[in-house]
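Next come the structures, one after another.
You will see chain A twice below: alongside chain B first, and alongside chain C after that.
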Partner chain A sequence: MPKIIIDGKEIECRDGIPVLQAALEAGWDVPHYCYHPGLSVVASCRLCLMEQKMPHPQTKEMGWAPKLFPSCQTPVKDGMEVRFHSESVENNQKHVMEYYLLNHPLDCPVCDKAGECSLQDYSEKFGNATSRMVEDKHKNPKKDIGPKTLLYQDRCVLCTRCVRFADEIAGTGELAVVERGSRGEIDVFPGEPLANDLQGNVVDLCPVGCLLDKQFLFRQRVWNLQTVPSVSPADSSGACIWIDANDAGVHRVRPRFNERVNEWWISDEQRHGFEYVNREDRLTRPRIRENGQVRGASWEEIPAHLRAAFAGDGSAFVISPMLSNEEAWLLATFARQVAPNAVLACGHVPVEGQDRSFPKGFTIRAEKAPNRGGVERILAHFGGPQMSFDELCGQAADGTLKAVYVYGGYPAAWITPAQAEQLSRLDCLVVHDLFDGPLTERADLVLPAAPWTEREGSFTNCDGLVQAFERARPPRSGIKAEGQFFQELCGLPGLFRSAKIRTMLGESIADLAETFQPRKEPEHAH
Partner chain B sequence: MPYEQILMRNVGVKNSQSLKVYQQAGGYASAEKALKMSVEDLVEFVKGGNVRGRGGAGFPAGIKWGFLPKERETTYLCVNADESEPPTFCNRVLMEHDPHMMLEGILIAGYATRTNVAYIYMRGEFTEQFHIVQKAVEQAYEAGYFGTNILGSGYDLECYVHRGAGAYVCGEETGLIESLEGKRGWPRIKPPFPAIAGAFGKPTVVNNVETLAVLPHIIERGLDWWNGLGTANSKGTKMYCISGPVNRPGCYEAPLGISTRELIYGEDFGQGMRDGMKVKACSPGGLSMGFLRGDLFPENPSKGEVDLTSDYDELDCILDFDDVRRYDLLGLGTAAAVVVAEDTDIRRVLTNVCRFYALESCGQCTQCREGTAWMYKIAQRIEAGAGRSFDLDLIEEVTKNMGMMPGMSICGLPDGAAWPIRTLVQKFRAEFEQHLAAQAPNAAAERIIATNPAAYDLPVLQGRALQPSGGTYLVPKD
Partner chain C sequence: MRDEDVIELKAPELTAAERLYLPQIVAGFRTTLRHMFLEKKKRDENMVQYPDAKRQVRIDNYRGVHRLNKDPDGRVACVACFMCSTACPAHCIHIEAGASPWPDREKYPVKFDIDELRCIYCGMCEEACPCDAIELTPHYELVARTRQEMIFDKEKLLHVFEQTKHDKPRKNPAVTDYGLTGNQDKAVARPTSQTKV
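Right after this comes the complex of A and B.
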């Protein structure tokens, strides 16, 4: 590990990274726009310039070189000495910040980025309170560049991160800079909108409010949002995300750095696929069918009901890959408590096409459920009678099975009419799901489920990586979150805490006990 | 003609573009001689002549070739024929009248750098010249000067003419390479330098047309002859351009080391100013190198000394690679002088200079992209009679941030933009002040409010526009 001196302080840093990255990781706030660790270096914003000690050309004596160096383009070298706090560096920052605002419309009050905009932050910290520009501003147009993205060119700082993303990560190259000098604009080619499956990342990459997500447009001010770390359930890759939510619901999903899985990016389905959690028609009350009549039920009466219905032979539990490791373990534990010979089945695993890889290795998985690996690992641990979901439906139809507990939790309709028909022949069908569907109509007991944003736990991704996610919102009124409910079924006291259950689970399944923590990455783009 | 015409010997000769005429004057004999030398000897020979690049930066060509890695498979030679520095036209004259001289230089340089492919990157606006050079290349192929096994030496060289799309920045070597590769002509960050990874990721040498054109003559006449021409650090012959209101504008050849005054007034060069006018300003080395004060100003009483702080005549500046620096010029550049006569409003000169760089900045680095456009707007306002004394300070400050320190940005364009603008504002400050004093007292404030009400209304700007001084972000240094 090389040691370098920044502003007189010696720090140790990773090998082969630029000085800028080393400084950011060590806690320096160095302004920068064009640099992003996931993209190639262009060194064009000229804001991260630093002073460097160099041998004098004649005397060979070490001293501060008269010219400034871009810290994003200078790799760390053991023993090098640089500084960011000096007159000439700060002069340059002041000038460059002034340049950025020359033609900027200063429309922060209506800008989605306001509050997390690095143009605001850097102006505050490194820039000037006033501008010396008295001329007319150059006004660039607002453009609709794709089905999901808008481009407000007047706010652009031409860092070209979005262009490099489209070229290097997505590999589709829809974006380009057109025109020259201060008239330069980001644009798409005629008839070729920005429509690749990773395009949402350009909005995160944009350090200012130039690229805007149509889903989030004018929806919330960012300072009213609470952010929690989570893991995307949209596919089996286990991409790390941030969830931005408040009392009005979940508003935005952004990528969270994870060197093992998604690095800095997420796919558009991971980003935009959360809207179902805000749907008005979600199930919110347990329902029971008694003597052909459906009535609302209270959560208190459910456990006794389940124990009675599932006590005998011929009972089965469908454990969905949408459940976390902890919830799956609790449900399986309950199943074996109430009926030692109960059949355990992994729920339906939605698959769409093939895995799709992008140039730098980002992969969209075909399997659209987050935790098949974890559920199968837990089922393997429990052993006993097991079968696939299809077999289970068949056995429900031919009368081998009497009572089945089906946990769904999928964002969209998932069961085929034939399977629903097969399951409807059971003596007792319990359906635990998010929305009404063909199965809830036929169920004897319907339990409302909570989406992953309202739960906590851990998912095991397609490569066996266990990652924890936190609760972004409390369960919607009337819903008892799965963890709490299953814990009560198992007769465990107290409030559900995923870490506590994970410890208990780890005593029997050691490889699910430890969760992976990604390296903490400095904020590069907000 | 007191000076021997070497590069321009065929100018004015009938059919000078043809191979036959060139061969009659001994053409391609040097290439034959060079191909018989070993590559190492040839490189050492050229280093001995200290041929400094004619494209503007004055970097010695032999040393540039020496940067190529020893172990390499493919090397490219790019010929920089993207001559777009205002008011330069020496490469154009050369290509129009004697394209084979350049082609012979390409053959020699190609052999010296072990190149098998040479690209002539030609400015997009050169239409006629393109056809002339293209025809010359075809003739050279037919005569066996390009292709495989050239002159029986076993050396192969392919030569292609590539036309640019008309951007000033594509004359910068890495911008040229990007453009050649079919990309947007944005200069690359260095390192890696083109000698290590240039065109298509391979070691590449970029040389100017004139630099290559002198090679056959050095080989033909020897180093003693070459080193006998010019001044201490600037050897050889150079094509000078002179334009503006002089009696005989044009391109003239002379050994390095003539003075600006000689270029304007000399019998062999400009032959003096039209209508006997005085020179107000002169940009002697291509626009980017900066301006000199003309003979409108009094003579410096202490001969030989340079006093930049007083308004003295500076036309004694010697046009070689060294003396220009004493007069606060960036360098010799392309040695193309443009003269500003006494009847020209210096504010118009400033606007015109600012306009060029605002239009030609590639837009990559922030300082250059925003700074050039901002200064153009300020210059327009000053020209319209609504300037402030503070504007001059502001322009000076912006130029100092943009280009005071060569190397602050990816390429040299902002240095080249800052130099003429700063020297204009500094050296002709008195005239600017005169114009400001003659303005209507409230002209600046009224124009600012009219064009940009925000400057007046926005509380954050605190009505700063109307204040005589806007302050500085530069901390003064001793």
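Right after this comes the complex of A and C.
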């Protein structure tokens, strides 16, 4: 571990990183636009310049070199001495900021980036209060560069992060800088829009409000959002995300750094695929069928009903891979309590095509469920009669099974009409799902489910990595979150806390109790 | 806390007359009686027989019911930047933004509701507005039969502007870039019609 001196303070840093990264990790706030730890270094924004001690060419005496060095391009070296708080460095920052703001429009009130914009933060911290520009500002057009992204060229600072992302991470290279100097623009090639499956990341990479997501456009101001760490359920990779939500619902999903899985990126389906949690037509109250009549039920009467219906032989529980480890464990525990010979089955696992890898190793998994690994691990622990979901449907059709509890929780319609038909021949069918579908029409008891944004727990990804996610919103009115409901079914008192259940789970399955915590990114990282 | 920060106060010594209490009562009643009999004329001048007569309020800075201003082309002047709802200490402004139908503007409010019952009439929204779209008017008689009626929506707020624009004309603000992006010309946003509102 090399030791370097920044502003007279000795710090220890990782080997092989640039001075800028070392300074950021040690808590310095160094302004920078073009540097991003996941991309190649171009040293073009000139904001992170620093002073460095060098030997004098003749006398070999160590002294501050007269020229400034880009800290993003200078690797750390044991014993080197640099400084960011000096007159020349601060003057440089001030002057570069003035250049950036020459043509930048004053449209922060209508810009979606306002509140999390580096240009806003840096101009307040390192820039001037007034502009000396008297000429009319150069105005570049707004461009529609892809089905999901808009480009406001007049707000651009030409850091080229988006161009490097398209070249290096996505490997598709749709973006380029055209023209030169003050007329430089980011653009796509004619007839080739920005449409790769990782393109949403350019919006997060953009340090200003130039690249904006059409899904989030004009939707909320960012300071009205509360951010919660979570794990994406869109596929089995277990990508770490931030969920931005407020009282009006969930508005945005952003990547959260995770060195083992997704690094700084997420795919577009992980980013944009959350919209179903805000849908108005979600199930919100339990329904029960009695003598052919469907009526609304209360959550209090359901445990007794379930115990009566599932007590005998021929009962089965379908545990969906959309459930967290804790919820799956509670449901399996309840199944064994009420019927020791009950069949346990892992639910339908949606698969789309093949795993797709990108040049730097980012992978979009074909399996579109977050927790098959965890559910199978828990089912293996419980043992007893088990079968696949298809076999279970077949046995339901030929009358071997009498009562089946199906947990769905998928974002889209998932069951085939044939399977729904097979399951409808049961004496008792309990469906716990998000939306009405072919199965809920035939069910004897329908329970409303909560999506992952309204629950907490942990998912086991395709590589066996266990990661915890937090609750971004309270369950919609009328819904009892799965964890709480299953805990009450098991007869455990108190409020559902996933950490508590995880400890209990760890007593029997030790490796599911340890959650992985990604390395924390420095505060001023990107 | 340091010793020099502590100030000890002693209750003043009362004189014999003060301790007797009665002279103070007489002094108090003297003021009351003076107003009752001697200063009737002055009182009548100051008294306003509301609602037959109404007190004159200061037009410029009286903080009454809100209005949403229209620009000279008759469109809502608001650009849905949420500054007013952010500044509002009573959280009574609820805005939903959308893409504007006009070429010279990015955003406009699809919904703009002010809960006039929740509002404390502090005028912070007017201070925060970057394009002088929301203003408080001298109109203070605010009555309704239901709570729902007191939630003023965009149409109602624009209607208040129509009602009050003769008493308190909109200061046509200097044209800013706030609503503008892209390759539009500043001239597009400058008032085209000659009618001053």
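Methods note: the second predicted complex is superposed on the first by the 522 of 526 C-alpha atoms of A that agree within 3 Å, B and C clash if a C-alpha of one lies under 4 Å from a C-alpha of the other, contacts with A are read in each partner's own complex, and residues count from 1 in each chain.
As a working rule, a contact is a pair of C-beta atoms (placed from the backbone, for glycine too) under 8 Å apart; a residue touches a chain by one contact, two chains touch by 3 or more.
What you see is a predicted model, and the numbers here were worked out from it, not measured in a lab.
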Fit or clash - chain C, chain B, common chain A: fit
Which of chain B and chain C A:400 touches, first, second, both or neither: neither
Superposition-derived comparison: chain B or chain C, residues of chain A touched: B
Touching partner for A:227 - first (chain B), second (chain C), both, neither: neither
Touched partner set for A:363, first chain B, second chain C, both or neither: neither
Chain B versus chain C as contact partner of A:130, first or second or both or neither: first
Touched partner set for A:219, first chain B, second chain C, both or neither: second
Touching partner for A:110 - first (chain B), second (chain C), both, neither: second
Angle, in degrees and to the nearest 10, that opens at chain A between the C-alpha centres of chain B and chain C: 90
Lowest C-alpha to C-alpha distance for chain C against chain B (Å): 6
Footprint overlap on chain A, comparing chain B with chain C: 106, 136-137
Of all residues in chain A, those that touch chain C in their complex: 105-107, 109-110, 136-137, 139-142, 152, 154-155, 217-219, 221, 223-224
Chain A-touching residues of chain C, taken from the complex the two chains share: 79-83, 86, 97-99, 106-107, 130-131, 176-184, 186
Partner chain B, residues of chain A touching it in the complex: 41-47, 49, 66-68, 70, 73, 87, 91-92, 94-96, 98-100, 102-103, 106, 128-138, 157-158, 176-177, 179-184
Footprint of chain A on chain B - complex, ascending: 167, 184, 189, 358-367, 369-374, 377-378, 381, 394, 398, 401, 405-410, 448, 451-452, 454-455, 458, 460-462, 464-465, 470-471, 473-475, 477
